[in-house]
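Input: structures, listed below.
The two complexes that follow have subunit A in common; it is paired with subunit B in the first and with subunit C in the second.
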Partner chain A sequence: MRSVDREDGPVKVTGAATYAADHHPDGLAYGYLLTSTVARGTILAMDTAQAEKAPGVIAIYTPFHPLELRPYAKEENGELTPPIQNTDVRYYGQAIGLVVAETFEQARDAAALVSTRCDAERPRASFTDGLPSAVGTSVVDVLADGVSSIDEALDAGDVTVTATYTTPAETHVAMEPHATVAFWTGDQVTVHTATQGVRLVVDRLSETLAMDPARFRVINPYVGGGFGNKWDMWPHTPLTVAAARALGRPVKTVLTREQVFTVVGHRPLTAQTVSLSAARDGTLVAVKNDGVSSKSASNGFHEQPANLSLALYGSANLHVSRKAVTLDVPATTIMRAPGESNGSFALESALDELAGELGMDPVDLRRKNDTPVHPATGLPWSSKHLAECYTVGAERFGWSRRSPRPGTVTDGDWLVGLGMATATYGAGRGQASINVRLRDDGRAVVSGTAADLGTGQSTVFAVLAADRLGIPVGRVVPELGDSATPPAANAGGSGSTSTNGPAVQLAADAAKEALVKLATEHEKSPFHGQEVTFSAGEVRSGGDGMPFGELLTSLGVAAVEATATSPRNPVRDHAFRSFGAHFCEVRVNRWTGEPRVTRWSCVVDAGTIVNATTARSQIVGGVVMGIGQALLEDLRIEPETGRFGNATMADYLVPINADIPPIDVEFLNYPDTLLSDLGARGIGELGNVGAAAAVANAVHNATGKRIRDLPITLDKLL
Partner chain B sequence: MDLSSQRQAVDGQVEVAFKVNGTAERLRVDPRTTLLDALRERLQLTGTKKGCDRGQCGACTVHVDGRRVLSCLTLVAMVEGREVTTIEGLAEDDQLHPVQRAFIECDGFQCGFCTPGQIMSAVAVLREGHATTDAQIREAMSGNICRCGAYPAIVEAVKQARS
Partner chain C sequence: MRAFDFAAPRDIADALGLAGDTSAYVAGGTTLVDLMKLDVLAPEQLIDINRLPLHGIRLGPDGLRIGALERMEDIARHDAVAACYPLISQALLSSASPQLRNMASIGGNLLQRTRCGYFRDVATPCNKRAPGSGCPAQSGDNRGHAILGTSASCAATHASDVAVALVALDASVRLRGAAGNANARADGERTVPLADFYLRPGDTPHVENVLRPGELITEVIVPPLEWARRSVYVKVRDRQSYEFALASAAVAVDLRGGAVHDARVAVGGVGTVPWRLPAVEAALRAGQSHEAAAALAAEGARPLAGNAFKGTLVQRVILRALTELAGPR
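Let's look at the complex of A and B:
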């Protein structure tokens, strides 16, 4: 396992990395969104007269004076309809206009002068009220021979637990607010926009502006966090691009933090009723999970949190259902480990409850139900070392010190508890193309449309190419986030390294071949007509070697390059998933009920780890977000107004430095050779899954209180 | 703050003279302009980031006369005659500041968007001299949110730069 410093470290610590909003083309004008202040209804009128007269104002676009945008061809976890094409208001904080002015201050202040009259209706804004009328999408039943229903199977166990677990809406709060800068040159447009995939932006823009994709160049090498929130394109982007075209000058629109809470999507609320039934020895005989998610009226995405119950533990009988409650709220979208994060909170809490009922150690119960095959499909796992994660984690963490009796360990004013949970996330490999260019300066440029949201993807490119070419990592130049490069995987679903990594290796090999061909065929080449090989960055023949940069320079060739495509994973007879185990210590203040996470160990089985340095940060980041999910995060919808009541960074709490203990991460690093020769699965979501349940289980161990409704705030512990 | 010393132009703009990273700057600005927006949009010093524009995240942290300040809560007119240091001014002669080096070596960031603010805070925290325990470092660095969750590595970086 290599440990390499982030290749983009120097530009990120000096402020030289250019994020979308950092671009400043000449003649730039500033856009500022207008947003709705009711959650449902129709806009009757927008009075822009005063704003139009305000200093510096260039244009104001509203549904009554729109920029024409066509409907999107498909939904990518975002909104179905482009902004300001009609007067419908579907949620509070919806983009209903764009003010463009000479400066940011002028645009913002003019926006405040626009008054909007709406015919408002009462919104559907309570998930709880909507639960009885939730609409089902599908049900999966896997029943043993002779068993007629999941409830019959549940009755057959010796011990059964049933409980309902609920999670609030959450939001990503990536530190970089969404921003778009667009400028046109003739009928070509260059767009800098915060995105998890420049190709997605090209697709959406070409649909909504009804233009050939070839006319868009989207460039965005640095992304200030995404977590799912920068997957689809949101309303400010087409508005900014269209305004720049209409006005004939560059426009920059940066969402305010308050707008980020509503204009782009959030993680839906969920409720899961879980029943587990086991034999005395802990063997699960039935698992039932009825899961419900909220869903915005503006789009189709909702979580399917119960699904995880089909994939994690062996049981002869499984049942999962998925329903959704439609609300008049901003778009519901993917957020780190969509479905599985919330799904694991319920399932892993339920396992802990079952362990308590059985009088079994929670690790032993999980070991007992560890399965070499996918529980629902019966396909063998490609490479699963979950049992080793438990063993190694228990050892590193000191799990044996856990008292089986809750509420019995104290340290001064603090009740101390230990908890654990399984981590997991699905894995796969898609198709990706990558270009490798060997340059006469001895550097290798690796390019593709992939994105590095902070994941370390660009450093992974550098490491893989360097190893393949036998050159130092520092001589590889990764170029990500440019739509003009070959189509690689967008950043999402923990699929970047598993998909792009093999393509980087193939492209490096192809570039080596191209260089060898040049060396033997170029008339001026010292290797002309000879048998040559390429190793350690050199073209070699017999005892002679020449670094590729030197060879290219001597031939007057600036570069040789090759593009290679790595195909989708063809394997159909195995199931693929990453696994891990979380162990944590929580202290709860006996007087105030304040919960603090004080220790953490996580052991990861995610296939080959290409770069331990950045991989560790990915897992830590997932755990930190899980601690937020467990203890802090709660995007509150006001039931009367449909407004998010805490849409600021001061009110929507995320973990701060003082909330986070040291986090120990260990990688097992077994290559998953059925997935690819590289053997890497994915790690972006894995650390997040199970983390909240581990905290909840530790809280129970500390206090004897089982909190089934996130977040676990101190009022619930008093 | 003495605003009377500043000339108010007829068009409602104000003139501000201050130093940024050692360079004298003179700007005519809309009086509503924050130091953050002046740095980013007027001086094209975009290393300083806007995460919230409300004093809630720390991404915009810079030094004014050596003290850490949230540039989004500071009108540029308030830094008349003062010395501002941003992330771009930390490295000397292409030599990274020890805190910058420590952030790279400890992997004290992921996306890097909070990083300029984290580093400016860390430099000041070390100068303030009370970051002697891990708990103190965590507390002193808690005005800077990192949604990527690089906190443990940030603590390590501050410790490494301290020694």
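Let's look at the complex of A and C:
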């Protein structure tokens, strides 16, 4: 396993990295979004007269004076319709206008002068109230021969547990707020915008502005975190691009922190009723999960948390259902491990409850139901070492010290508990194209539309290309996030490295070939007409070698390049997933109930690890987010108004350093050769899955209290 | 943020002379500037008081005197404060973050505004910000709100940690206004016990204290209390740092022969003002068990839908503090 520092570390810590909002083209004007303060209704009037007279104001766009945007052609995870094309209000905090002024401050101050009159209706804002009328008929039943229903199968087990688990709305709060800078040159537009995939933005803009995709150049090499929230395009982007066209000058719009809570989507609430039935020896005989998710009236995305119950533990009988409750709240969207993160909280808590009922060690119960095939489809796993994750994790963590009797271990004023859970996330390989350019300065430029959200993707590019070319990592220049480069994978679904990685390797090989061809065919080449090879960054023939940069310089050729495409994974007779195991220790204060996570080990089976340094950070980040999900994160919807009650970073709590213990991460590093020659699956989301359940299970072990509603705040433990 | 004028006088008389109905003093700015950015406050003039001679941390026979401009971090790290009044030091160190504590003054701390989310969001009603507009917290998001001293008009907590410790210690603030103020000396100076300085919301939650327009806090005075050396500030919150209290307790005990002879108890995170608990102190003086004494803490509490747990929590936080100081009883 390689361990390489981030290639983009120095520019990030010195502030030299240019994020979307760091662009200041000449003549820049500033946009500021107007947002709704009711959750449902119709805008009757917007009085902009005073704001129009305010200093520096250039234009104010509203549904009564809109920028024309066409309906989107496809459904993504964002809103179904472009902003300000009608007077509907679908949620509190919706973009209902854009003020453009000479400075940001002038735009913001003018925005405060716009008054809006609405015909407001009472919003649907309570998930709990909506649960009985949740809709959706999508059901999967996998039943053993002769079994007529899942309930019959549940009855057949020796021990059954049934419980309902809920998770609140969450929001991504990535460090970098969403921002778009757009400027037009003739009928071409350049857009700097925070996104998980520049191609997504090109597609969306070309739909809504009804223009050929070739006229858009979307650039975003650095992204300050996304977590799903910078997938798709959000309302400020088309408004900014259209305003820049209408005004004939560059426009920049940066969302305020508060706007980031409503304008760009959140993770839906979920409720899952899980029943597990097992034989005395722990063998699962039936797994049932009825999952419900909230869904915004303004878009179609909702989670399917129950699905994970089809994919993890072997059981002759499986049942899941998926329903949704529509609420008048901001867009519901993907957030790190959508569905699986919440799904694992329920399933892995239920396993722990079952282990308790059976009097079995939770690790043993999971081992017992570990399966070499996908439980629902029966396809063999391409490469699965989950059992080893349990063994290695239990050993590293000291799991044998766990008391099977909850509430029995104390240390001073603290009740101490140990918990564990399985981690897993789907894996795949899509199609990607990458260009590698060998330059006369001895550097290799690797480019494609991929995004590095802080994940380490650009360093992965550097490592893979360097190894393929036999040059130091520092001589590779990754260029990500430019729509003018070959179409690589957007950052999502933990698929960046598994998809882009093989393409980087192929493109490096193709560039080597192009160089060899040049070396043998160019008349002035010292290798002209010879049999040559390429290794360790040099063109070689017999005993002679020449670094490629020197060769190119001597020939007066600036660069040779090649683009290669790695296809979608063609394997259909295997199933692909990453696995892992979390182990943690939690302490709960016996007086005041605060739960504190004090130790963590995570063992990961995600195929080849290309760069252990950044991979570890990904797992740690997933665990940190899981600790936040377990103990803190809760985006509260006011039932009467549909307003988020804590939509600021002071009130929406995410963990700070003091909440996070040292996190031990171990990679098994078995290449998944059925997925690709590279053998890398994905790690972006894996660490998050199961983490909250591990905490909940440890809280139970510490206190004897089973908390089934996240977050596990101290009031639930008093 | 609205445009404003700015002045930075060098002496107190000039500052007082500049002050008017639409001006605001600014010290560290960590409350004021935040609220200006949110459009909650829109003073027409800022009077920067950082050049005024309001410095110094002095421990003498008459107690501890802290100049209003002393920074939270400096006070917390002051050896004499940490030794003689650990509860002050701990309350400060459990507040905010080091960066904020390096900016924020003790005077500004005592005058910080509530963290109620409606107060800070001008798109919502709020009696404290816009008198008469209503109090959405009564039925809305109120997990963090007060259970003691509330009214139908307002249930916002007073958010300062150190004020809780100071109230427990019978501290006072020295105030300076323009000469000729009623109830003040000829030079406009008066001293007010902190317990009388803060006002419960009643029907006028926008009036939070007895400070008159233009009046300055010049000094904080903490009377001597030998046994305050045995004191603690326990702060309970959802995350371990950088958050306001769900409940906190400032407790000092006079321990004689292993038993509590006397005690000071004040709590935070639960009251509309820093909340002294004389009934709990009396029960402890009377030799009642910690449990019996702490049980009196939530008397008269008026919980809202989301914060009923604070009634239990406030008792537990006192118990935890007492156990830390006096062992289990």
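Here, the second predicted complex is superposed on the first by the 717 of 718 C-alpha atoms of A that agree within 3 Å, B and C clash if a C-alpha of one lies under 4 Å from a C-alpha of the other, contacts with A are read in each partner's own complex, and residues count from 1 in each chain.
Everything below uses one rule, namely that a contact is a pair of C-beta atoms (placed from the backbone, for glycine too) under 8 Å apart; a residue touches a chain by one contact, two chains touch by 3 or more.
As the structure is a computational prediction, the values presented were derived from the model and not from experiment.
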{"item": "Subunit B versus subunit C as contact partner of A:G645, first or second or both or neither", "value": "second"}
{"item": "Touching partner for A:L653 - first (subunit B), second (subunit C), both, neither", "value": "second"}
{"item": "Which superposed partner A:L632 touches (first subunit B, second subunit C, both, neither)", "value": "second"}
{"item": "Contacts of A:L453 with subunit B and subunit C, given as first, second, both or neither", "value": "first"}
{"item": "Partner chain(s) touched by A:D109 [first = subunit B, second = subunit C, both, neither]", "value": "both"}
{"item": "First, second, both or neither for A:E594, with subunit B first and subunit C second", "value": "second"}
{"item": "Partner chain in contact with A:P380 - subunit B first, subunit C second, else both or neither", "value": "neither"}
{"item": "Which superposed partner A:G314 touches (first subunit B, second subunit C, both, neither)", "value": "neither"}
{"item": "Subunit B versus subunit C as contact partner of A:A21, first or second or both or neither", "value": "first"}
{"item": "Per-residue touch tally on subunit A - higher for subunit B or for subunit C", "value": "B"}
{"item": "Common ground on subunit A, meaning residues reached by subunit C in one complex and by subunit B in the other", "value": "105, 109, 648, 650, 655-659"}
{"item": "Sites on subunit A touched by subunit B in the complex", "value": "5-6, 8-19, 21-22, 24, 55, 103-106, 109, 172-177, 222-225, 227, 254, 256-257, 453-456, 613-614, 616-618, 620-625, 648-650, 654-663"}
{"item": "Complex contacts: residues of subunit C adjacent to subunit A", "value": "1-2, 39, 115, 117, 120, 123-124, 136, 139-141, 143-144, 234, 236-243, 246-247, 309, 312-313, 316-317, 319-320, 323"}
{"item": "Partner subunit A, residues of subunit B touching it in the complex", "value": "12, 30, 32-33, 37, 40-41, 44-54, 56-57, 59, 86-88, 90-91, 96, 100-101, 103-105, 107, 109-116, 119, 135, 137-139, 141-142, 144-155"}
{"item": "In the complex, subunit A residues that touch subunit C", "value": "37, 105, 109, 112, 413, 589, 591-594, 596, 631-632, 636, 638, 640-641, 643, 645-646, 648, 650-651, 653, 655-659, 713-715, 718"}
